[in-house]
Amino acid sequence: MTEQVAYLNGEILPLSQAKISVFDRGFRVGDGVFDTARSFRHKPYKLREHLERLYRSMRYVRINAGIDIDELEKITRQVVAHNAKLIDERSDLWMTQVVSRGVYNRKVGITASSATVAVVTEPINFSTFAKFHRIGMPLITPSIRHTPPECLDPRLKTTSRMNLHMAELEAQGHDPSASALLVDLNGNITEYTSGNFFIAAGGELYTPHEKTSLAGIARATVIDLAREQGIVVHVADITPYDVYNATEAFITSTSKCILPVGKLNGIRIGSSIPGPIAKRLLTAWSERVGVDIVEQALWHLPEEDRRRLDAAAVAA
Amino acid sequence: MTEQVAYLNGEILPLSQAKISVFDRGFRVGDGVFDTARSFRHKPYKLREHLERLYRSMRYVRINAGIDIDELEKITRQVVAHNAKLIDERSDLWMTQVVSRGVYNRKVGITASSATVAVVTEPINFSTFAKFHRIGMPLITPSIRHTPPECLDPRLKTTSRMNLHMAELEAQGHDPSASALLVDLNGNITEYTSGNFFIAAGGELYTPHEKTSLAGIARATVIDLAREQGIVVHVADITPYDVYNATEAFITSTSKCILPVGKLNGIRIGSSIPGPIAKRLLTAWSERVGVDIVEQALWHLPEEDRRRLDAAAVAA
Amino acid sequence: MTEQVAYLNGEILPLSQAKISVFDRGFRVGDGVFDTARSFRHKPYKLREHLERLYRSMRYVRINAGIDIDELEKITRQVVAHNAKLIDERSDLWMTQVVSRGVYNRKVGITASSATVAVVTEPINFSTFAKFHRIGMPLITPSIRHTPPECLDPRLKTTSRMNLHMAELEAQGHDPSASALLVDLNGNITEYTSGNFFIAAGGELYTPHEKTSLAGIARATVIDLAREQGIVVHVADITPYDVYNATEAFITSTSKCILPVGKLNGIRIGSSIPGPIAKRLLTAWSERVGVDIVEQALWHLPEEDRRRLDAAAVAA
Amino acid sequence: MTEQVAYLNGEILPLSQAKISVFDRGFRVGDGVFDTARSFRHKPYKLREHLERLYRSMRYVRINAGIDIDELEKITRQVVAHNAKLIDERSDLWMTQVVSRGVYNRKVGITASSATVAVVTEPINFSTFAKFHRIGMPLITPSIRHTPPECLDPRLKTTSRMNLHMAELEAQGHDPSASALLVDLNGNITEYTSGNFFIAAGGELYTPHEKTSLAGIARATVIDLAREQGIVVHVADITPYDVYNATEAFITSTSKCILPVGKLNGIRIGSSIPGPIAKRLLTAWSERVGVDIVEQALWHLPEEDRRRLDAAAVAA
Amino acid sequence: MTEQVAYLNGEILPLSQAKISVFDRGFRVGDGVFDTARSFRHKPYKLREHLERLYRSMRYVRINAGIDIDELEKITRQVVAHNAKLIDERSDLWMTQVVSRGVYNRKVGITASSATVAVVTEPINFSTFAKFHRIGMPLITPSIRHTPPECLDPRLKTTSRMNLHMAELEAQGHDPSASALLVDLNGNITEYTSGNFFIAAGGELYTPHEKTSLAGIARATVIDLAREQGIVVHVADITPYDVYNATEAFITSTSKCILPVGKLNGIRIGSSIPGPIAKRLLTAWSERVGVDIVEQALWHLPEEDRRRLDAAAVAA
Amino acid sequence: MTEQVAYLNGEILPLSQAKISVFDRGFRVGDGVFDTARSFRHKPYKLREHLERLYRSMRYVRINAGIDIDELEKITRQVVAHNAKLIDERSDLWMTQVVSRGVYNRKVGITASSATVAVVTEPINFSTFAKFHRIGMPLITPSIRHTPPECLDPRLKTTSRMNLHMAELEAQGHDPSASALLVDLNGNITEYTSGNFFIAAGGELYTPHEKTSLAGIARATVIDLAREQGIVVHVADITPYDVYNATEAFITSTSKCILPVGKLNGIRIGSSIPGPIAKRLLTAWSERVGVDIVEQALWHLPEEDRRRLDAAAVAA
């Protein structure tokens, strides 16, 4: 079988057959949650932590998946095991569980007959972000604010993400290669559109409070690695003033692990890409997982691009 | 053909074949907009106004449906024409257009190859709300607040509706027959989970500002009917204090038109269901569309239920 | 003498003679402060801490009681000594000091001739809450928000408590056995209507910042007991997301000491009542005061009720 | 009988016997509402409007007085009729209804056995404010903010008024003759500690929105009188910038009717006391009630004070 | 004399001699106010209205210029009369009064010996904005919010404008030709960095409330002209959703009068530049002042640029 | 040379010749930053820390001074060296760098040709505050709120300080000897008009978070000295409730180092001036710099004043 498979509501199917009803509340009214882990060397990484967060999300939105965490873990591993064979050895996979409240049941208010549960994988899109390991990501603080906890808890990983899309569209309207770094209603930085945010100053790291952003698992890994390396990590209120004056900045995400930030609102941050702390942490993380994280990403670029990037890289 | 049809991405299909990819951004990350009109006597009502609002939503979220409003209107009418034949003469249809940004395209940031456009219908679920014409809906102000405009404009009809689901779940956790009446970050009432809100005091109507809620087309109809009837309508800040002391309250929505509110947070509102103004407006609206709106809803209940309701009705 | 006594403005009187003028600013415009301690085995517990908080309240609202803290302590002990004789040995007393600005003096602005100072006791109403030791209290987050510090410092123990009554009325409108768990203008949990709030997660305790709620003396006792037991206590921002995913939750108050929470907004919290940490803390506190806190409360229920509760108890 | 009488819980008593239990929730936890009207020439003025507002307050806080509005009006008139005989012909009375939830009933949560209903009168304290008719009241915007509607609706006339006392104490700490003019959380002026606020600019009047302050009955009278006089009244957001640049400012209250404001935060407002519009409105109001409002107030001052004020008066 | 003159503290001097002390509070701590009018055909336009606003600003910040409005008007006319002779007949002048609290006086707190009063003119920089009459200005909503009235009243025209500079720098960091369109803490549009903002929808105009932005005199002119033309003007809350869906948008400012907006955040607004309403208003304004406003601006561009713009113009 | 010198744009000049253009953006639109250090015994104290903060300010507002920090330090030392000779041995100097964006360049948007850089000194005005070492400063919380970080980061030391002037004017309108202690939009104390704020309670120090106020260098010194002395320092939210109940309070600033606070809003703080902790810290700081800080300040008062102060001093 050379087609990827997916799990959908009890069955493992060829991906092309994994289709959702147009009446699914996940499609119609964003009534779902999800989580995404990645593999290193084709093995799921911290899958259990991701699934535990998924079940916390479900509890908050009162969706009952109908299967327990152990079973969902088993299914995920099964789907990954199959699909990993279809990708290059130097690639890796995202693995995503999506759980929606299921097909609309107009008879019974907000509840639906039974949840839709899907498990899919995708090859990680290294080629779209690899260059930022050399030149740094551009970030922009959009005018759109992060949804506050009294409306929707930022720690919920819901599929209702239009607030984040609006932020990203605004940033990309200004610079198509940029991502949005959202601030909350009090002017504090929360997270970037797809992950968490760190800065360094005086040799120590600072990252926003977990309460205003998604409690990233990559963020937790970085905090853990930093402590191992003797680098102090402060969980703190951070504003653009701090970022402009930081010695370096980076984002963390499941697929990107750690990716250096080059500019915020056009102002260059720090003096090398990656900054010295990001470099140490990338090395430590690479050792932990047996994959050179930066090299894996860059390998997905055409040779010529890589050469050009090496030349353009912001030197230490 | 005895199966309903749906429109999906260029084709009119049997409903059972109208399926969405698990990678559709509408399903995965709530990246879509929609609008829903209804029919009266199987004819679309104010369809153009709904479509215009849909195109305003698309413009705000920068989704290009790939077809223009005239074409989408034609398709909708075609789907309705077919599906209306399959329902009882005394029933009517919802007709919904859903437009998502389409299947994920990991290569190109937030954009996707091309939008997903679906048009579907559903028989209106009169039986779930008909009784409230006699006893009034119970509403509850949940602790969850309505998302503010600096995060997502309340006038956008997005499929990312988890904020509203959380409000509704909280209300139904207290009383399974209740709906949520949301307040904004300043303590003003905005809208109920599926439509707009009016109160009467001193013989005049009050409804929240359009800016904090969806600009309902049923709401516009009510304002229009009220003016015809010589009833003054104030667009104003409204708090629970106003509701508790109102002489009547009602909600408006596409399918329900006007539905009396019986209680807010357990406190009875007004002294009859419907209140005198709601009654006049329901009559006027019924005349306009040639359907007795209340009778149509009640007709969907078993005979016995109707009798019981008549007995229980809150007398004037 | 078989009637309880009270202290009022310099005299110790039979309770039935302790009456307040209808022109007292405490009655007319909520212009007062108070504090309430309890006894264990008929002895005042942490009375001095309560009085110190009372004097901090007075300082904030610029009321001069006209007597110093030592004298007020002596009076309180005197009133307790008398009234304790009138209650069952297994009961205990609340002892409350109320200090208002006194009778209105329309000549001189906000000031009044001299403060009204009252000291009263009441038998603790164990029978109203004892059952929650077995089945857990139901809590509800109302739509009413906690008054913010820029309007009135939450640490002030004023008699102007209408904000809290409105919250409680809203919760009890949904479920007559429930109490309100208030959130502040930023969506963070503050306190329940009559005391503080704790959750447990990962074997550690979390309680809201003192700045957004009353700095409870029972809360301080719990923090102290927890530290003795080697349980880490975090003072932190807490939202409903945290509560839904907590392993247990409980409230603290002067009379109830520690009382397990069963549900928030209808969602069950944790898997046993009390949770394992509440259990350890109740044991430690009971040892400290020589009273089995849970047994004392349950003893006030009819035998039959106690049996029914034991059956209904949420098992570990 | 030469002693004033009061009504308390079903009886009309000599005032000295009208006493409240120390366990009354009105005294202990500010759990009450009230309203105050005044007499002109010993006749109640707009008593019914005040009572209607009182019943709206009761509805909001779910207190049932146990007697209806007609009966409470009758009682009030009876108390006034008696007490008016005891005051000078040129004086007038305040008449106040206080309704608390009654004596604490620890068995049944927030409810109490039955409401406490009191009706009392007091001679209006003209001598404390009369001079401001000549020199203008000093107002101060304190740092304390007005409680927002999401915590307690500003239109509720509750006895829990500590927020207002704190504002007044702060103002009087700066200037003992000043009162507080409160602003809300958005920086807009709401009301002064005991009434509403107006400014004039360009020959038209401006007063804050009813939603952020108590809907004063004197305020309604002024709006009505102004319209009769052809003076446009705007209900609008007002900030200190508007006040500093106003041509005049005044407050309205039940007892004071209209009282000119001399200064805000030490900056003189307008060029004469009263301003030309206040003067016209005072004349019109005086005609309506057959009492020269300004003269009545000044008559309560010693002759010498009146002379000194005439000299000090801020000339047109 | 071929050098421009300026007025400074009592003297009319050659501009090169009009210098300020490094200890002037205007330079050192932004402690000043200003206002700027323009000429049409070398005659001051609405100079008195600008001066009245300047005196309102002074009153708010308690600066006493030491000269009255009549004198300052006379001085301004004198400076303009001289300097206008030095510019081309088809050009016009800005005329600015700056009033600071004067040179620091460390002995006496915030007060200074005496105010610094300067009157200067500058030729209007038509060449920097003329092209936008053909292609429309690009606007960007920055993440920086407009200072709220509780911090500094937006109607004050202070020299402390760093909040606006930060907004402009952020916008120009994204697009060097763009200006910032600021939103307030509630997500409503206030003003652009140097003037007011209007949109059209349904043939009517909408502009933000005066309270959240500077009460522009050009804005007042537009409202006046629109009324003359029978165009309804709504003063309303406006969000980006409204702008994206508007049929046209324009800014107003002293020097630019009316300038069409081409895009907001990269989204094109309307279908022609200028839109039909802006066109009518520009014509009406031009007639009123006897200057073709658009032609005057374009005349300052090189011939070639004008030709290129005509080609690039966004057609109706 | 007996005149003070100043540095201005590349030259060291007699102070009387250091003049700024009326078109300088620093004067016209507050477009500048500054920092101020002081000398002890005529030697600059922590000059480098002040300059580092200045360069952080410049980075945030995107002003390029055109000279690097080392050069600016050298220039400052040169100016100080000259000017210090002109003051009494027992006096000391403020040294201030002001950097504005320079003279307006209307051609190129917000940028200007080149920055204006000035370095000046002033003798510290000890005589204006010395008495507070004996009687304590009076502070007032004004109704004006501190500008929030989403408008302008409080850590930026900009010359656009009108928000602070408005606060100070309001306080001094109430009491000419008072200064403003600002609170933020959440009701927390931030800083006083010219420095930071500390309170003591339970033998430990509390000071507001750096994020809501300027990160004072004197504040950092106090934290450092306190740690040396074994005094715990909490960085925390502080409200007026805390201050009223503190055992002492003091401010810190570059020139005043540590100055005791006597009252907040008329309420006396603590029981001696200075409080015991301020006393220890003043002693420690004096030793560190070889100057008796209190004596230096008092020495600038007339002998008679000093005697009167000693008599009036608030005793321990």
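Just so it is clear, A, B, C, D, E and F label the chains in written order, and each chain counts residues from 1 on its own.
The rule is simple: a contact is a pair of C-beta atoms (placed from the backbone, for glycine too) under 8 Å apart; a residue touches a chain by one contact, two chains touch by 3 or more.
It should be emphasised that the depicted structure is a prediction, and the values quoted were computed from it without experimental measurement.
For B-E, the equivalent interface within A-E, D-F or A-C is the one where over half of the contact pairs agree by residue number, namely A-C. In the contact between subunit A and subunit E, the residue numbers used by both copies make up over half of all numbers at that interface. Distance between subunit B and subunit D, defined via averaged C-alpha coordinates, is recorded as 44 Å. Chain centres here are Cα means. That of subunit E falls 34 Å from that of subunit F.
The set of subunit A residues that touch two or more partner chains comprises 62, 143, 145, 148, 150-151, 156, 173, 183, 185, 187, 240, 267. Screening every pair of chains for touch gives A-B, A-C, A-E, A-F, B-C, B-D, B-E, C-D, C-F, D-E, D-F, E-F. In the complex of the two chains, the subunit E residues touching subunit A come out as 140-143, 145, 170, 173-175, 183, 185, 187, 240, 265-267.
Subunit F meets subunit E in the complex at residues 6, 8, 15, 18-24, 26-32, 34, 61-62, 96, 98, 100-101, 104, 106-110, 118, 120, 122, 125, 127-128, 143-148, 150-152, 156, 158-166, 168-169, 172-173, 176, 185. Across the complex, subunit E is touched by residues 56, 59-60, 62, 148-151, 153, 155-156, 209, 211 of subunit B. Those residues of subunit D whose C-beta lies close enough to touch subunit E in the complex are 183, 186-188, 237, 239-241, 244-245, 267.
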